[in-house]
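Read the structure below first, then the notes.
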Amino acid sequence: MVTASSLVYLIGLPLFGAAFLLLIGRKADKWGHIFATAMSAGSFILGLLHFFEMSSRATEDRAITQTLFTWIEVGSFKVDAALLLDQLSICFVLLISGVGTLIHIYSISYMAHDENRRRFFAYLNLFIAAMLLLVLGNSYLNLYVGWEGVGLASYLLIGFWNKKPAYATASKKAFVMNRIGDMGLSFAIMIAFATMGTVLFEGVKESVDRVGTPTLTAIGIMLLIAATGKSAQFPLQAWLGDAMAGPTPVSALIHAATMVTAGVYLIVRSNFIFDAAPTAQLLVVIVGAITLIFGAIIGMAKDDIKKALAASTMSQIGYMIVGAGLGPAGYAFAIMHLLTHGFFKAGMFLGAGSVMHGMNDEVNMRKYGGLRKVMPITFVTFGLGYLAIIGVPPFAGFYSKDEIIATAFNSGGAQGIILGSVTLLGAVITAFYMTRVMVLTFTSKARWDEGVHPHESPVLMWLPMAILAIGSVTAGYLFTQGDALVSWLAPLFAKKEEYDELMPHSVVTVLAITAVIIGVTAALMKYQFKSVDAIAPSDVSLATRLARNDLGQDLFNEAIFMRPGQALTQGLVIVDEKVIDGAVHGIGSMAVGSGATLRRTQSGYVRSYAALILVGALVLLAAIWVVTQ
Amino acid sequence: MDPYNYLYLAALLFTIGAVGVVVRRNAIVVFMCIELMLNAGNLTLVTFSRINGDLNGQVVAFFTMVVAACEVVVGLAIIVAIYRSRRSASIDDASLLKR
Amino acid sequence: MGIFTSPILNYGMLAPILVVLAGAVAGVLIEAFAPRKSRSSSQLVLSVFTLVIALVALIRARGTYSNKAAMNSITFDGAGYLLQMSILIIAIIAILLLADSDKFAAAPTAAPGSDEERQAQVANIRVTEIYPLTLFAIAGMLIFTVATDLIMLFVALEVLSLPLYLMAGLARRRRLASQEAALKYFLLGAFSSAFFLFGIAYLYGYSGSITFAGIAAAITGGTANDVFLLIGISFVSVGLLFKVSAVPFHSWAPDVYQGSPTAVTAFMAAATKVAAFGAMLRIFYVAFAGDVWQWRPILTAIALITMVFGSLVAISQRDVKRMLAYSSIAHAGFLLSGVIALNKSGLDATIFYLFAYGIATVGAFAIVSLVNDASGEVTDLNRWAGLGKRSPWIAIAFSFLLLAFAGIPLTSGFVGKFSIFSAAYESGNTAILITGVLSSAIAAFFYIRVVVLMFFKDPVEDGTSVVIPSIYTRITILVSLAITLILGVFPAPVLDYISQTAFFLR
Amino acid sequence: MTLTIIMFLPLVGAALLALVPSAQERLVKQVALATTIVVAVATLIKALNFNVENTELQFRQSYSWIPSFGINWALGVDGIALVLILMSVILAPLVILGGWNESEGGRFGVKTFYILILVLETMVIGVFAATDLFLFYVFFEAMLVPIYFLIGGYGSGERAAAAVKFLLYSLFGGLLMLASIIGLFVISGQNGEVTFDITKLSELHTVMSSTTQNILFLGFFIAFAIKAPLWPFHTWLPDAAKSGTAGTSILLLGILDKVGTYGMIRFCLSIFPDASKTFTPVIIVLALISILYGAFLAIGAKDIKRLIAYTSISHFGFITLGIFAMTTQSQSGATLYMFNHGFSTAALFLVVGWMIIRRGSSTISDFGGLQRITPIMAWSFFIAGLSGLALPGLSSFVSEFLVLVGTYTRYPAAAIIATFGIVLAALYILIPVQRALHGETTPGNENLKDLNLREKITIAPVIAIIIFLGFYPSPLLKIINPAAAYIVQQQGYSDPVPTMNGGK
């Protein structure tokens, strides 16, 4: 059927689509979107073929590699342009190209009135290509190319409507914060090459047991930094909220389903490093836990539907990171949550887009309400996603989140209890803020602005939402059926250590469901059964205000990085002009000045010249005398 | 008498001449001071000739006198020319060229 | 004693000097007897002819080296041959500038603005005494470089100086300044000659000999009174350093360069420098070599001060001739490093440098003489602004010569600088090397300033224009440019020739 | 076709130009363009014969020039020199084509502009191909003259002052180098025949005292640090870049400044291995300062051309770091960086030049919203900018990463500090991108025209090269690697082995 030599087309199709659409220009305005969608769909179909092919092979033969050419070879540093498709990457390939294709379809309609739709689709294709490269690269350096490539695509798409300065700034902010994370990845690669002489996943994996723990810890921490940048984890999380400036399909695809989960991929891919570096692993868990709560708290206070969803994304990825930080026990669940999240979060974002589409691009949920009746399909699909994310059985999120909470509780000792409690708390808050979104948007009384006539979205938009909703409903069940996903991925990871169950799985399930009920109830009490103001109340608690301001993350960044950075820049500009160039000019003027001074000795009087000669002669005589003595 | 005394005398004459060049303003006087220096040189030469018991020094002195005479010719020509233009023989007046 | 032996003269070796002297005498006769109308042209023809014959005679004499060319007074050796050749070549191209007699006073003896002067101008009297004067000066220079006894040295110094004093005062315009230049040059020149003579007396007193060989022998012997030697070396150096315009004996140079007629300045700046350094090389290499540890530190200090001083002061000059004067002071510093090196490469390098510098200097002053307005030459640099637009070729030529002075590769100046600093470093003199390159950097500053003025400033319409008065000036400029370029690009033949030829007979 | 002939081809073109009447500007330009294309093709053909297996100098030619000083007209190239020559000859026609109208309105007329460029091209080939130190120096200094007139005669603003600053700075460095060259010359004479042959000079270090070596090394290094501007010798560059035309700036930053970094490899390292070792810590610190300092000043720059100049200072910091980190990766990376920097700077300056011509201003804030008005120009600028921030997939990433990874294996701390430069790079590129391309249309920009055909033809190959080499740098690396490895080995270094236990 399909062989390894076709792997390149997974990336090649969308890459070609992007390049072609950008180069051909306006001529393709009429059909560019279809072309791009076809490229993405082609990638998905090829991915499916590969999946079937792969599942038909024996477990140990499943990973395939395609080497295209030698990319960089200098001395012992050798990196091929090579692609690796294994059980882990195929999951991502399908997620990326599948969800990607759906969002292409959705965007055809969503962006129908944008004069630059062709360009938008080119960027989407570029993103798909870069993201596929990220998950298909067989070395950290290849991954790095995709890693920055998705950053670029994200930059272009966030700033798609860059006429608005705030949007342009948001895109720049995202890119720069990502670059900080990328630095971590660079360091990781450098350390790996310096200590192991290779940057291939395989090579590093083989070398792990010959490298000291401190080195592995360092690599692990650097990879974690990279992950925090890309996946908007604490402390590099601040860009994600602003990234909502991009068109909503972008938020769905890049900033919910795929790109932001790259950090999780990186950590899971590097499982062999983290398994051998407990400190790094602990840090991963801590970062995940902090972000989980951090995002959830922000989510409770946001009135902007997209920002609320973005905060939720942050929080959900926190779950995944926690899962990935739990070692062999958690990797598969992290991936599972990643996949289910891909479905339901993308679905909800598309739903949000659909709402905005119907509400004249209004994003403030306080201006929504009562959309249940006018946008029934959106309500249903969004609602299914909602049930999935808060973890109502048997929806997808229930399975994946439940497993992470259980694994957290069972990771042993005080850590287990703390982690378990944090994840449970997260579940409560998730239920609360998602219910809030749900209520404010769909089920509360209408608070529409005048002249707004909400309507259901066209089929091209609701169809992808429906498909994703089906995924949100069924994915969890499918993945856990006979431990399908866990055993699919198992060959990649070390064997789970047997541990004593601190808490039986059934207890965890009960606790989780209880948490959901608490959260939902609280939200209903607050929003469903009370009237909601169309204008956000200003007499709110400090906590709320803090949460509205993203817990001060921007203030913090501004105070700690931006302002000092600007001051440093201004200072250096002055130093350059006054001190360094000043010194250069100073030397110049010194020469000129001393010349002008010495020039005065030339008085024009013969007698003074004669005196100079006389003195000169005497000095000469004296000097020779001195030398002689 | 110790011939070295003539050396001291010559040195004194030379110094007087040199100082004269520096302090006097009249071109003619300055020029005479230079002549004085040349003659101090001559006296030195003759003295050394005596000390060394060698005639060459005296020969040099003769040449010097000839040269000094030539110098007078050239020098006076220049001084006279400049006096005619400026109606002044003060060398301090000739200070157009400076800096 | 008592028996008079007639001196044995080697006429072959003396021929160049004698030819030039004869030409000078003939010039005087022409001045006295030839009709006024044809004087100018016949003097020019005579002078050039004389110099060419002298050059031919010189070339014929090559290889026949002896330190008994005129008893012990003149030594004709490789170095002398090369120096004399340099002087003659420079003189030939410089004397062509004198043909532009419009630049010289019609009646030098008349007071400026007097009736006498006006009559002379109306009668279109052209001064032609300058040719024999120049020839006399050239003869003095030729002797100066080969003189090996103190009498000859002193006489040659005066023979070369006295005509120059007069020539400095011959400018047609700005006569007061010109006369002032003559007066200053004369008084200071005579003053320094007195030092020189006094020094000679003490050298004689020290060694009991008037020949260089005798002095060298006395130094090697080391039994005589060192104080005499010390005074002798110091005061002789004063005279020589004055001639080469080294700091602090430099102060005449800017004033005289500026006040003199530009053609005279060209000749003086180029040829005198060759002659004075030629004599200096000979004295220090032949007579004083044994005493090097005493004078080297002092001369090194003077060389360093001279380089830096010349370069620094040149920056603030507003007059192109004064600027070139200070530049020549700086170059005197560079040249001194060749003297101090006291080795074969120092000798070779100094001779090459002198020739290259002399040629470029003549060319540069020739170009200066081209920039005129109604009242004569324009030497104010500000009025040179935009010359590149007005007459690009002249500006390019001048820039090229300035780049040669600055020592940019592919010009003769670079090869010269390279070889002379190599020689200095070879003798272990790192200070000279480092100061040399640093002051070259300072010097680059003012050379480039002129280039900027000419090319990047817009011209001011004030009547300044470039006038090429005669074919002769054109020849001078072209020859000097060609030699400067050839010596920069293909210096090998000349360098080889110098290194094979240059030596001192002791 | 020998190197000498290739080298003189531009001069022949210049001579031809001199014969063309000045009034026929079009013909003048065509002749100039044709000449540079011929040179580029000739060089490419020549390069095909280069044996990549061989670490020795190839295409050698040597004729005696000034025998008494042991000076030869000696040419030859190794991989490093060849790559730089290729870069120069490919950029030359693009400069002419891209700045087709730049020469008009200059001080010295159209014809002179192209004659200067062609003369410069000869000297550039000479400076990279010279295997005789003296010959190198001659070109090194003589090169200043044409570029000086190009800046001063055809630029904008305070062009004369900028040109003088450039010239004096360079002359100062050049003279320091001259002092060192004289030193070497004399020492070579004291230890056998006088020579300027760099192969022979590289054996001299065994007889030099370490003090002598250090002093002579400094003479060379400072000259090169001025040329490639390294902090704190950099202040001439922003002025010169701002004042020169875009084409001049490409020649200056893209090509001429490489002579500095090239000189460090060719002369500082091979002639003074011990001194290089002594000064490595200092140089690495200077390189790091340059990287960060250049980046910060680029962020603070208000003028687009000054901005590019400061980014170049940062990039030269990377190159210098790579050279002195002394691993095969960093060394190859540094040379590749030089090549790539040439093209990414060329791309930036080309586009910026067109922007400035259209807008009549080089102040960043005068632009705005160009992406909508002139999309192709904006894209070109954006891609050039991405290349400037070393985005993976573009050529500069490969070189920057090689430098970093190579440096890390020997000097981890330096590599880590340098890596912060990549964050700053994102800022200094994206800030002007945002101001110039995004946002509302700034008044005065409404009617700007997008790139015309000539401009598209110019920028296309540059961008193509940037992208192609990002994915497939092997052709260049194959040429560079042996030479770079040879230099590392010649310095007595070998790559640090992976520190893990047991090895493979």
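As written, the chain order gives the labels A, B, C and D, with residue 1 at the start of each chain.
The rule we apply is simple: a contact is a pair of C-beta atoms (placed from the backbone, for glycine too) under 8 Å apart; a residue touches a chain by one contact, two chains touch by 3 or more.
Computed from a prediction, not measured in an experiment: that's the story for all the values here.
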item	value
Contact-richer chain pair [A-B vs B-C]	B-C
Centroid spacing, where centroids are CA-atom means, of subunit B and subunit D in whole angstrom	65
Between subunit B and subunit A, distance of the C-alpha-averaged centres to the nearest whole Å	96
Distance from the mean Cα position of subunit C to that of subunit B, given in whole angstrom	25
Rounded Å distance, subunit A centre to subunit D centre (Cα mean)	37
Junction residues of subunit D, two or more chains touched	168
Shared-contact residues (touching 2 or more other chains) in subunit B	18, 21, 30, 91, 94-99
Contacts with 2+ other chains: residues of subunit C	183-184, 187, 191, 195, 254-255, 445
Full enumeration of touching chain pairs	A-B, A-C, A-D, B-C, C-D
Parts of subunit B lying in touch with subunit A, wherever the complex brings them together	18-19, 21-25, 30, 91-92, 94-99
In the complex, subunit D residues that touch subunit A	165, 168-169, 231-232, 234-236, 293, 296-297, 299-301, 327-329, 332-333, 369, 371-372, 379, 386, 391-393, 397-398, 401-402, 404-406, 408-409, 412, 415-416, 419-420, 422-423, 425-427, 430-431, 433-434, 437-440, 471-474, 477, 481, 484-485, 495-502, 504
Interfacial residue positions of subunit C with respect to subunit B in the complex	1, 108-112, 114, 150-151, 154-155, 158, 162, 165-166, 169, 175-177, 179-184, 186-187, 190-191, 193-195, 197-198, 200-202, 204-205, 208-210, 254-255, 258-259, 322
Touching residues (chain side subunit C, partner subunit D) in the complex	388-389, 392, 403, 406, 408-410, 414-415, 417-419, 421-422, 425-426, 433-434, 436-438, 440-441, 444-445, 448-449, 452, 455-457, 491-492, 495-496, 499
Complex contacts: residues of subunit A adjacent to subunit D	22, 69-77, 81, 141, 144-145, 147-149, 152, 155, 159, 162-165, 168-169, 172, 175-176, 179-180, 182-183, 186-187, 189-191, 193-198, 207, 210-211, 215, 568-570, 572-573, 576, 580-581, 583-584, 588
